Amino acid sequence: MRDPDRLTLVLGGARSGKSAHAESLVTAHPAPWTYVATAQAHDDEMQARIGVHQARRATGWHTLEAPLDLVAALAVLPGDRPLLLDCLTLWLSNLMLAERDIEAESAGLLRLLAARPGPSVVVSNEVGFGIVPDNALARRFRDAAGRLNQQTAAAADAVILVVAGLPMKVK
Amino acid sequence: MRDPDRLTLVLGGARSGKSAHAESLVTAHPAPWTYVATAQAHDDEMQARIGVHQARRATGWHTLEAPLDLVAALAVLPGDRPLLLDCLTLWLSNLMLAERDIEAESAGLLRLLAARPGPSVVVSNEVGFGIVPDNALARRFRDAAGRLNQQTAAAADAVILVVAGLPMKVK
Amino acid sequence: MRDPDRLTLVLGGARSGKSAHAESLVTAHPAPWTYVATAQAHDDEMQARIGVHQARRATGWHTLEAPLDLVAALAVLPGDRPLLLDCLTLWLSNLMLAERDIEAESAGLLRLLAARPGPSVVVSNEVGFGIVPDNALARRFRDAAGRLNQQTAAAADAVILVVAGLPMKVK
(Lines give C-alpha, C1' and ligand atoms only; values in the text may rest on other atoms or scores of the structure.)
Protein backbone atom coordinates (compact mmCIF):
# COMPACT_ATOMS: atom_id res chain seq x y z
CA MET A 1 0.00 0.00 0.00
CA ARG A 2 1.24 3.41 -0.94
CA ASP A 3 2.20 5.70 1.96
CA PRO A 4 -0.12 8.74 1.79
CA ASP A 5 2.86 11.01 2.55
CA ARG A 6 5.43 9.23 0.44
CA LEU A 7 7.10 12.45 -0.73
CA THR A 8 7.10 15.36 1.72
CA LEU A 9 8.56 18.82 1.06
CA VAL A 10 9.60 20.76 4.17
CA LEU A 11 10.04 24.46 3.40
CA GLY A 12 11.34 27.07 5.81
CA GLY A 13 13.48 30.12 6.28
CA ALA A 14 16.97 30.29 7.73
CA ARG A 15 17.11 28.93 11.33
CA SER A 16 13.44 28.03 11.13
CA GLY A 17 13.87 24.53 12.50
CA LYS A 18 13.02 22.96 9.13
CA SER A 19 15.82 20.34 9.30
CA ALA A 20 14.86 19.23 12.82
CA HIS A 21 11.21 18.94 11.78
CA ALA A 22 12.16 16.98 8.65
CA GLU A 23 14.28 14.60 10.77
CA SER A 24 11.33 13.97 13.08
CA LEU A 25 9.20 13.00 10.07
CA VAL A 26 11.83 10.54 8.84
CA THR A 27 12.51 8.95 12.23
CA ALA A 28 8.77 8.31 12.65
CA HIS A 29 9.51 5.44 10.22
CA PRO A 30 11.61 2.43 11.33
CA ALA A 31 15.44 2.73 11.07
CA PRO A 32 17.81 2.59 9.27
CA TRP A 33 17.41 6.07 7.78
CA THR A 34 19.47 7.63 5.01
CA TYR A 35 20.61 11.22 5.28
CA VAL A 36 21.73 12.78 2.01
CA ALA A 37 23.61 16.02 2.63
CA THR A 38 24.16 18.54 -0.16
CA ALA A 39 26.32 20.88 1.97
CA GLN A 40 29.99 21.35 1.21
CA ALA A 41 32.34 22.48 3.95
CA HIS A 42 33.90 25.36 2.00
CA ASP A 43 34.76 27.39 5.10
CA ASP A 44 34.70 27.33 8.90
CA GLU A 45 31.21 28.84 9.08
CA MET A 46 29.70 26.13 6.90
CA GLN A 47 31.75 23.44 8.68
CA ALA A 48 30.27 24.61 11.99
CA ARG A 49 26.73 24.44 10.61
CA ILE A 50 27.28 20.92 9.32
CA GLY A 51 28.69 19.92 12.72
CA VAL A 52 25.54 21.13 14.49
CA HIS A 53 23.34 19.14 12.12
CA GLN A 54 25.46 16.00 12.54
CA ALA A 55 25.54 16.26 16.35
CA ARG A 56 21.72 16.29 16.46
CA ARG A 57 21.39 13.02 14.56
CA ALA A 58 21.77 9.90 16.70
CA THR A 59 22.63 6.37 15.61
CA GLY A 60 20.43 4.72 13.02
CA TRP A 61 21.48 7.13 10.29
CA HIS A 62 23.53 6.32 7.23
CA THR A 63 24.99 9.56 5.86
CA LEU A 64 25.87 10.32 2.28
CA GLU A 65 27.34 13.51 0.86
CA ALA A 66 26.14 14.54 -2.59
CA PRO A 67 26.81 18.23 -3.22
CA LEU A 68 26.42 17.87 -7.02
CA ASP A 69 25.70 14.33 -8.23
CA LEU A 70 22.55 13.93 -6.22
CA VAL A 71 20.61 12.04 -8.85
CA ALA A 72 23.34 9.42 -9.28
CA ALA A 73 23.74 9.10 -5.50
CA LEU A 74 20.01 8.55 -4.92
CA ALA A 75 19.75 6.09 -7.80
CA VAL A 76 21.89 3.48 -6.00
CA LEU A 77 20.17 3.78 -2.59
CA PRO A 78 17.76 1.07 -1.36
CA GLY A 79 14.43 2.43 -2.59
CA ASP A 80 12.33 1.47 0.42
CA ARG A 81 14.58 3.05 3.05
CA PRO A 82 13.33 6.33 4.65
CA LEU A 83 15.27 9.20 3.13
CA LEU A 84 16.08 12.72 4.32
CA LEU A 85 17.46 15.05 1.63
CA ASP A 86 18.84 18.29 3.13
CA CYS A 87 18.66 20.55 1.23
CA LEU A 88 17.48 21.42 -2.27
CA THR A 89 18.62 25.05 -2.22
CA LEU A 90 22.24 24.22 -1.35
CA TRP A 91 22.26 21.63 -4.13
CA LEU A 92 20.89 24.27 -6.53
CA SER A 93 23.57 26.70 -5.43
CA ASN A 94 26.26 24.05 -6.04
CA LEU A 95 24.80 23.30 -9.50
CA MET A 96 24.84 26.99 -10.44
CA LEU A 97 28.45 27.43 -9.31
CA ALA A 98 29.43 24.35 -11.33
CA GLU A 99 27.42 25.60 -14.34
CA ARG A 100 25.38 22.40 -14.58
CA ASP A 101 22.10 22.17 -16.53
CA ILE A 102 19.61 22.97 -13.78
CA GLU A 103 16.47 22.08 -15.75
CA ALA A 104 17.82 18.63 -16.62
CA GLU A 105 19.17 17.90 -13.12
CA SER A 106 15.90 19.02 -11.47
CA ALA A 107 13.81 16.89 -13.82
CA GLY A 108 16.05 13.90 -13.05
CA LEU A 109 15.71 14.39 -9.31
CA LEU A 110 11.94 14.74 -9.39
CA ARG A 111 11.55 11.64 -11.60
CA LEU A 112 13.65 9.66 -9.15
CA LEU A 113 11.81 10.92 -6.04
CA ALA A 114 8.43 10.22 -7.67
CA ALA A 115 9.50 6.63 -8.40
CA ARG A 116 10.87 5.80 -4.90
CA PRO A 117 8.57 3.41 -3.02
CA GLY A 118 9.90 4.43 0.44
CA PRO A 119 9.16 7.67 2.29
CA SER A 120 11.27 10.67 1.21
CA VAL A 121 11.46 13.99 3.07
CA VAL A 122 13.04 16.86 1.16
CA VAL A 123 14.15 20.08 2.88
CA SER A 124 14.31 23.39 1.02
CA ASN A 125 14.72 27.06 1.84
CA GLU A 126 12.03 29.58 1.01
CA VAL A 127 14.13 32.57 -0.14
CA GLY A 128 11.72 34.78 -2.10
CA PHE A 129 10.08 36.87 0.64
CA GLY A 130 12.68 39.66 0.83
CA ILE A 131 13.24 42.65 -1.41
CA VAL A 132 14.79 42.16 -4.86
CA PRO A 133 18.53 41.48 -4.39
CA ASP A 134 21.01 43.96 -5.84
CA ASN A 135 23.15 41.51 -7.75
CA ALA A 136 22.05 39.55 -10.81
CA LEU A 137 23.43 36.19 -9.63
CA ALA A 138 21.36 36.39 -6.43
CA ARG A 139 18.26 37.20 -8.51
CA ARG A 140 18.97 34.25 -10.79
CA PHE A 141 19.40 31.95 -7.77
CA ARG A 142 16.19 33.23 -6.19
CA ASP A 143 14.25 32.57 -9.41
CA ALA A 144 15.72 29.09 -9.80
CA ALA A 145 14.98 28.22 -6.16
CA GLY A 146 11.40 29.42 -6.50
CA ARG A 147 10.88 27.32 -9.62
CA LEU A 148 12.45 24.19 -8.06
CA ASN A 149 10.31 24.61 -4.93
CA GLN A 150 7.17 24.92 -7.09
CA GLN A 151 8.05 21.82 -9.11
CA THR A 152 8.85 19.79 -5.98
CA ALA A 153 5.69 20.99 -4.22
CA ALA A 154 3.60 19.96 -7.24
CA ALA A 155 5.13 16.45 -7.13
CA ALA A 156 4.89 16.12 -3.33
CA ASP A 157 2.12 14.38 -1.40
CA ALA A 158 2.57 16.78 1.51
CA VAL A 159 4.11 20.25 1.82
CA ILE A 160 4.92 21.83 5.17
CA LEU A 161 6.09 25.38 5.89
CA VAL A 162 8.10 25.57 9.12
CA VAL A 163 7.82 28.89 11.01
CA ALA A 164 9.77 29.32 14.26
CA GLY A 165 10.07 25.56 14.59
CA LEU A 166 6.35 24.94 14.08
CA PRO A 167 4.84 23.18 11.06
CA MET A 168 2.13 24.83 8.95
CA LYS A 169 0.34 22.49 6.55
CA VAL A 170 0.42 23.90 2.99
CA LYS A 171 -0.60 20.72 1.13
CA MET B 1 -25.98 39.25 -6.09
CA ARG B 2 -22.58 40.24 -4.84
CA ASP B 3 -19.75 37.80 -5.51
CA PRO B 4 -18.43 36.65 -2.10
CA ASP B 5 -14.86 36.95 -3.44
CA ARG B 6 -15.31 40.14 -5.46
CA LEU B 7 -11.88 41.51 -4.50
CA THR B 8 -9.11 38.97 -3.96
CA LEU B 9 -5.53 39.78 -2.97
CA VAL B 10 -2.94 37.17 -3.98
CA LEU B 11 0.31 37.62 -2.06
CA GLY B 12 3.51 35.70 -2.64
CA GLY B 13 7.27 35.81 -2.81
CA ALA B 14 9.42 35.92 -5.93
CA ARG B 15 8.83 32.87 -8.22
CA SER B 16 6.12 31.65 -5.86
CA GLY B 17 3.57 30.97 -8.60
CA LYS B 18 1.37 33.86 -7.41
CA SER B 19 0.64 35.16 -10.95
CA ALA B 20 -0.32 31.71 -12.26
CA HIS B 21 -2.59 31.18 -9.26
CA ALA B 22 -4.18 34.61 -9.72
CA GLU B 23 -4.80 33.86 -13.40
CA SER B 24 -6.56 30.61 -12.50
CA LEU B 25 -8.88 32.57 -10.18
CA VAL B 26 -9.75 35.05 -12.94
CA THR B 27 -10.29 32.43 -15.66
CA ALA B 28 -12.72 30.59 -13.39
CA HIS B 29 -15.08 33.42 -14.44
CA PRO B 30 -16.38 33.63 -18.05
CA ALA B 31 -14.16 35.41 -20.64
CA PRO B 32 -13.27 38.03 -21.74
CA TRP B 33 -10.76 38.82 -19.02
CA THR B 34 -8.74 42.00 -18.61
CA TYR B 35 -5.08 41.83 -17.66
CA VAL B 36 -3.60 45.06 -16.35
CA ALA B 37 0.19 44.92 -16.32
CA THR B 38 2.22 47.38 -14.25
CA ALA B 39 5.59 46.09 -15.49
CA GLN B 40 7.81 48.24 -17.67
CA ALA B 41 10.35 46.59 -19.95
CA HIS B 42 13.34 48.69 -18.80
CA ASP B 43 15.92 46.03 -19.63
CA ASP B 44 16.33 42.57 -21.16
CA GLU B 45 15.83 40.78 -17.85
CA MET B 46 12.46 42.44 -17.25
CA GLN B 47 11.50 41.98 -20.92
CA ALA B 48 12.17 38.24 -20.56
CA ARG B 49 9.99 38.05 -17.42
CA ILE B 50 7.13 39.84 -19.17
CA GLY B 51 7.49 37.46 -22.13
CA VAL B 52 7.10 34.42 -19.86
CA HIS B 53 3.96 35.87 -18.29
CA GLN B 54 2.46 36.72 -21.71
CA ALA B 55 3.23 33.30 -23.18
CA ARG B 56 1.29 31.61 -20.37
CA ARG B 57 -1.91 33.54 -21.06
CA ALA B 58 -4.05 32.11 -23.85
CA THR B 59 -6.70 33.85 -25.93
CA GLY B 60 -9.61 35.48 -24.13
CA TRP B 61 -7.39 38.11 -22.52
CA HIS B 62 -7.42 41.82 -23.21
CA THR B 63 -4.10 43.30 -22.05
CA LEU B 64 -3.49 46.81 -20.84
CA GLU B 65 -0.21 48.36 -19.70
CA ALA B 66 -0.44 50.85 -16.85
CA PRO B 67 2.93 51.28 -15.15
CA LEU B 68 1.92 54.58 -13.50
CA ASP B 69 -1.60 55.78 -14.32
CA LEU B 70 -3.30 52.70 -13.00
CA VAL B 71 -6.27 54.50 -11.47
CA ALA B 72 -7.11 56.31 -14.72
CA ALA B 73 -6.67 53.08 -16.72
CA LEU B 74 -9.00 51.09 -14.47
CA ALA B 75 -11.59 53.88 -14.38
CA VAL B 76 -12.44 53.42 -18.08
CA LEU B 77 -12.63 49.60 -18.04
CA PRO B 78 -16.00 47.79 -18.17
CA GLY B 79 -16.78 47.37 -14.46
CA ASP B 80 -18.25 43.89 -14.63
CA ARG B 81 -15.38 42.26 -16.55
CA PRO B 82 -13.08 39.94 -14.56
CA LEU B 83 -9.85 41.79 -13.88
CA LEU B 84 -6.31 40.65 -13.11
CA LEU B 85 -3.99 43.37 -11.82
CA ASP B 86 -0.34 42.23 -11.75
CA CYS B 87 1.24 43.60 -9.65
CA LEU B 88 0.88 46.18 -6.88
CA THR B 89 4.54 46.18 -5.85
CA LEU B 90 5.84 47.01 -9.34
CA TRP B 91 3.30 49.83 -9.57
CA LEU B 92 4.48 51.12 -6.20
CA SER B 93 8.09 50.95 -7.36
CA ASN B 94 7.17 52.92 -10.51
CA LEU B 95 5.31 55.53 -8.41
CA MET B 96 8.32 55.96 -6.11
CA LEU B 97 10.73 56.41 -9.03
CA ALA B 98 8.37 58.99 -10.57
CA GLU B 99 7.97 60.73 -7.18
CA ARG B 100 4.18 60.47 -7.22
CA ASP B 101 2.02 60.88 -4.11
CA ILE B 102 1.77 57.26 -2.95
CA GLU B 103 -0.88 57.84 -0.27
CA ALA B 104 -3.20 59.59 -2.74
CA GLU B 105 -2.64 57.07 -5.55
CA SER B 106 -3.18 54.10 -3.20
CA ALA B 107 -6.38 55.61 -1.81
CA GLY B 108 -7.64 56.20 -5.36
CA LEU B 109 -6.89 52.61 -6.39
CA LEU B 110 -8.57 51.08 -3.35
CA ARG B 111 -11.68 53.27 -3.79
CA LEU B 112 -11.93 52.14 -7.39
CA LEU B 113 -11.43 48.44 -6.63
CA ALA B 114 -13.99 48.59 -3.83
CA ALA B 115 -16.56 50.11 -6.21
CA ARG B 116 -16.08 47.61 -9.10
CA PRO B 117 -19.03 45.22 -9.41
CA GLY B 118 -17.03 42.54 -11.27
CA PRO B 119 -14.43 40.19 -9.79
CA SER B 120 -10.95 41.69 -9.33
CA VAL B 121 -7.81 39.72 -8.49
CA VAL B 122 -4.82 41.77 -7.38
CA VAL B 123 -1.30 40.31 -7.22
CA SER B 124 1.32 41.68 -4.83
CA ASN B 125 4.73 40.70 -3.53
CA GLU B 126 5.35 40.02 0.13
CA VAL B 127 8.81 41.60 0.60
CA GLY B 128 9.14 42.11 4.37
CA PHE B 129 10.42 38.72 5.58
CA GLY B 130 14.13 39.32 5.03
CA ILE B 131 16.65 41.22 7.10
CA VAL B 132 16.58 45.04 7.10
CA PRO B 133 18.02 46.24 3.76
CA ASP B 134 21.23 48.28 3.83
CA ASN B 135 20.03 51.18 1.74
CA ALA B 136 17.40 53.71 2.75
CA LEU B 137 15.44 53.60 -0.53
CA ALA B 138 14.96 49.84 -0.20
CA ARG B 139 13.74 50.32 3.40
CA ARG B 140 11.31 53.02 2.23
CA PHE B 141 10.02 50.74 -0.52
CA ARG B 142 9.62 47.84 1.89
CA ASP B 143 7.65 50.01 4.30
CA ALA B 144 5.41 51.37 1.54
CA ALA B 145 4.78 47.88 0.13
CA GLY B 146 3.87 46.56 3.57
CA ARG B 147 1.41 49.41 4.14
CA LEU B 148 -0.19 49.01 0.69
CA ASN B 149 -0.54 45.24 1.22
CA GLN B 150 -2.19 45.84 4.61
CA GLN B 151 -4.63 48.39 3.13
CA THR B 152 -5.50 46.13 0.21
CA ALA B 153 -5.90 43.09 2.47
CA ALA B 154 -8.26 45.08 4.71
CA ALA B 155 -10.40 46.01 1.70
CA ALA B 156 -10.30 42.52 0.15
CA ASP B 157 -12.96 39.83 0.50
CA ALA B 158 -10.31 37.11 0.24
CA VAL B 159 -6.54 37.08 0.80
CA ILE B 160 -4.34 34.20 -0.34
CA LEU B 161 -0.65 33.62 0.36
CA VAL B 162 1.00 31.52 -2.35
CA VAL B 163 3.89 29.33 -1.17
CA ALA B 164 5.72 27.15 -3.72
CA GLY B 165 2.74 27.41 -6.06
CA LEU B 166 0.23 26.38 -3.39
CA PRO B 167 -2.46 28.70 -1.98
CA MET B 168 -2.76 29.29 1.78
CA LYS B 169 -5.99 31.00 2.85
CA VAL B 170 -5.23 34.07 4.99
CA LYS B 171 -8.69 35.70 4.82
CA MET C 1 -7.22 29.51 36.47
CA ARG C 2 -4.46 29.69 33.94
CA ASP C 3 -5.15 31.77 30.82
CA PRO C 4 -5.00 29.38 27.85
CA ASP C 5 -3.08 32.03 25.88
CA ARG C 6 -0.89 33.30 28.70
CA LEU C 7 2.17 33.73 26.48
CA THR C 8 1.55 34.68 22.86
CA LEU C 9 4.24 35.18 20.20
CA VAL C 10 3.25 37.46 17.32
CA LEU C 11 5.59 37.01 14.35
CA GLY C 12 5.56 39.09 11.19
CA GLY C 13 7.60 40.80 8.53
CA ALA C 14 8.39 44.49 8.25
CA ARG C 15 5.22 46.65 8.01
CA SER C 16 3.08 43.56 8.42
CA GLY C 17 0.83 45.03 11.07
CA LYS C 18 2.25 42.72 13.74
CA SER C 19 2.49 45.45 16.41
CA ALA C 20 -1.08 46.64 15.85
CA HIS C 21 -2.32 43.05 16.05
CA ALA C 22 -0.32 42.42 19.23
CA GLU C 23 -1.77 45.58 20.80
CA SER C 24 -5.30 44.39 20.02
CA LEU C 25 -4.56 41.12 21.85
CA VAL C 26 -3.29 42.96 24.93
CA THR C 27 -6.13 45.51 25.06
CA ALA C 28 -8.65 42.65 24.98
CA HIS C 29 -7.63 42.31 28.66
CA PRO C 30 -8.63 45.00 31.22
CA ALA C 31 -6.31 48.06 31.54
CA PRO C 32 -3.79 49.12 32.71
CA TRP C 33 -1.45 47.62 30.14
CA THR C 34 2.33 47.72 30.14
CA TYR C 35 4.23 48.42 26.95
CA VAL C 36 7.90 47.46 27.01
CA ALA C 37 9.76 49.02 24.08
CA THR C 38 13.16 47.70 23.02
CA ALA C 39 13.66 50.38 20.34
CA GLN C 40 16.35 53.01 20.72
CA ALA C 41 15.99 56.31 18.88
CA HIS C 42 19.46 56.26 17.29
CA ASP C 43 18.44 58.40 14.33
CA ASP C 44 15.54 60.35 12.82
CA GLU C 45 14.22 57.35 10.91
CA MET C 46 13.94 55.23 14.04
CA GLN C 47 12.55 58.19 16.01
CA ALA C 48 9.79 58.56 13.40
CA ARG C 49 8.92 54.85 13.63
CA ILE C 50 8.71 55.04 17.42
CA GLY C 51 6.49 58.11 17.11
CA VAL C 52 4.03 56.27 14.87
CA HIS C 53 3.83 53.38 17.33
CA GLN C 54 3.30 55.73 20.28
CA ALA C 55 0.63 57.77 18.51
CA ARG C 56 -1.43 54.61 17.92
CA ARG C 57 -1.55 53.71 21.61
CA ALA C 58 -4.24 55.53 23.57
CA THR C 59 -4.42 56.10 27.31
CA GLY C 60 -4.36 53.08 29.60
CA TRP C 61 -0.75 52.26 28.69
CA HIS C 62 2.28 52.44 30.95
CA THR C 63 5.39 52.60 28.77
CA LEU C 64 8.85 51.37 29.66
CA GLU C 65 11.99 51.51 27.57
CA ALA C 66 14.36 48.58 27.89
CA PRO C 67 16.71 48.39 24.92
CA LEU C 68 19.18 46.11 26.73
CA ASP C 69 18.25 45.26 30.32
CA LEU C 70 14.93 43.70 29.43
CA VAL C 71 15.11 40.89 31.97
CA ALA C 72 15.77 43.27 34.88
CA ALA C 73 13.01 45.62 33.66
CA LEU C 74 10.41 42.85 33.42
CA ALA C 75 11.42 41.39 36.80
CA VAL C 76 10.10 44.42 38.71
CA LEU C 77 6.79 44.74 36.81
CA PRO C 78 3.48 43.68 38.43
CA GLY C 79 3.24 40.04 37.28
CA ASP C 80 -0.49 39.98 36.62
CA ARG C 81 -0.63 43.08 34.41
CA PRO C 82 -1.13 42.50 30.64
CA LEU C 83 2.21 43.01 28.92
CA LEU C 84 3.20 43.92 25.39
CA LEU C 85 6.89 43.39 24.55
CA ASP C 86 7.83 45.00 21.20
CA CYS C 87 10.09 43.58 19.89
CA LEU C 88 12.45 40.64 20.39
CA THR C 89 14.50 41.22 17.23
CA LEU C 90 15.40 44.82 18.12
CA TRP C 91 16.42 43.66 21.59
CA LEU C 92 18.57 40.96 20.02
CA SER C 93 20.17 43.53 17.71
CA ASN C 94 20.93 45.76 20.72
CA LEU C 95 22.44 42.81 22.62
CA MET C 96 24.68 41.93 19.68
CA LEU C 97 25.92 45.52 19.30
CA ALA C 98 26.66 45.65 23.05
CA GLU C 99 28.37 42.22 22.87
CA ARG C 100 26.17 40.72 25.58
CA ASP C 101 25.81 36.96 26.15
CA ILE C 102 22.79 36.22 23.95
CA GLU C 103 22.25 32.65 25.15
CA ALA C 104 22.18 33.71 28.81
CA GLU C 105 19.97 36.76 28.21
CA SER C 106 17.51 34.75 26.10
CA ALA C 107 17.29 32.00 28.69
CA GLY C 108 16.64 34.62 31.39
CA LEU C 109 13.87 36.25 29.37
CA LEU C 110 12.12 32.98 28.57
CA ARG C 111 12.29 31.84 32.23
CA LEU C 112 10.72 35.12 33.30
CA LEU C 113 7.97 35.07 30.65
CA ALA C 114 7.13 31.45 31.50
CA ALA C 115 6.75 32.36 35.18
CA ARG C 116 4.51 35.45 34.69
CA PRO C 117 0.91 34.79 35.77
CA GLY C 118 -0.54 37.61 33.64
CA PRO C 119 -0.98 37.59 29.83
CA SER C 120 2.16 38.45 27.85
CA VAL C 121 2.24 39.22 24.13
CA VAL C 122 5.68 39.23 22.52
CA VAL C 123 6.32 40.70 19.07
CA SER C 124 9.16 39.48 16.87
CA ASN C 125 10.28 39.85 13.26
CA GLU C 126 10.53 36.86 10.97
CA VAL C 127 13.73 37.68 9.03
CA GLY C 128 14.85 34.37 7.51
CA PHE C 129 12.82 34.19 4.27
CA GLY C 130 15.19 36.16 2.04
CA ILE C 131 18.39 35.11 0.31
CA VAL C 132 21.55 34.65 2.38
CA PRO C 133 22.88 38.12 3.31
CA ASP C 134 26.29 39.17 1.97
CA ASN C 135 27.82 40.23 5.26
CA ALA C 136 28.72 37.93 8.13
CA LEU C 137 27.15 40.10 10.86
CA ALA C 138 23.77 40.03 9.10
CA ARG C 139 24.03 36.22 8.80
CA ARG C 140 24.87 35.96 12.50
CA PHE C 141 21.91 38.17 13.40
CA ARG C 142 19.58 36.16 11.17
CA ASP C 143 20.71 32.92 12.81
CA ALA C 144 20.31 34.33 16.32
CA ALA C 145 16.85 35.73 15.51
CA GLY C 146 15.73 32.39 14.10
CA ARG C 147 16.92 30.55 17.20
CA LEU C 148 15.28 33.04 19.58
CA ASN C 149 12.00 32.83 17.65
CA GLN C 150 12.11 29.03 17.83
CA GLN C 151 12.79 29.06 21.58
CA THR C 152 10.04 31.60 22.23
CA ALA C 153 7.57 29.72 20.01
CA ALA C 154 8.31 26.49 21.90
CA ALA C 155 7.56 28.23 25.22
CA ALA C 156 4.47 30.08 23.93
CA ASP C 157 0.86 28.95 24.37
CA ALA C 158 -0.07 30.59 21.05
CA VAL C 159 1.94 31.66 18.00
CA ILE C 160 0.51 33.93 15.31
CA LEU C 161 2.05 34.89 11.97
CA VAL C 162 0.78 38.27 10.74
CA VAL C 163 0.60 38.66 6.95
CA ALA C 164 -0.64 41.95 5.47
CA GLY C 165 -2.29 42.80 8.80
CA LEU C 166 -4.11 39.47 9.04
CA PRO C 167 -3.35 36.81 11.68
CA MET C 168 -2.52 33.24 10.69
CA LYS C 169 -2.61 30.72 13.54
CA VAL C 170 0.65 28.76 13.73
CA LYS C 171 0.19 27.28 17.23
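Chains: A, B and C, in written order; residue numbering restarts at 1 for each.
Going forward, contacts are C-beta pairs under 8 Å (C-beta built on N, C-alpha and C of every residue); 3 or more make two chains touch, one makes a residue touch a chain.
Just so we're on the same page, UniProt names per chain: A, B, C = Bifunctional adenosylcobalamin biosynthesis protein.
As the structure is a prediction and not an experimental result, all values here were calculated from the model.
Residues touching across the subunit B and subunit C pair largely diverge in numbering: under half of the numbers involved belong to both copies.
With rounding to the nearest 5, the Cα superposition of subunit A on subunit C corresponds to a rotation angle of 120 degrees. The geometric centre of subunit B is 31 Å away from that of subunit C, both derived from CA atoms.
Shown for subunit C are the residues in touch with two or more other chains, namely 13, 126-131, 142, 168. Taken together, the subunit B residues at the contact with subunit C in this complex read 9, 11, 13, 126-132, 136, 139, 142-147, 149-150, 152-154, 159, 161, 168, 170-171. On subunit A, the positions that touch subunit C within their shared complex are 12-17, 45, 126-131, 133, 138, 141-142, 163-166, 168.
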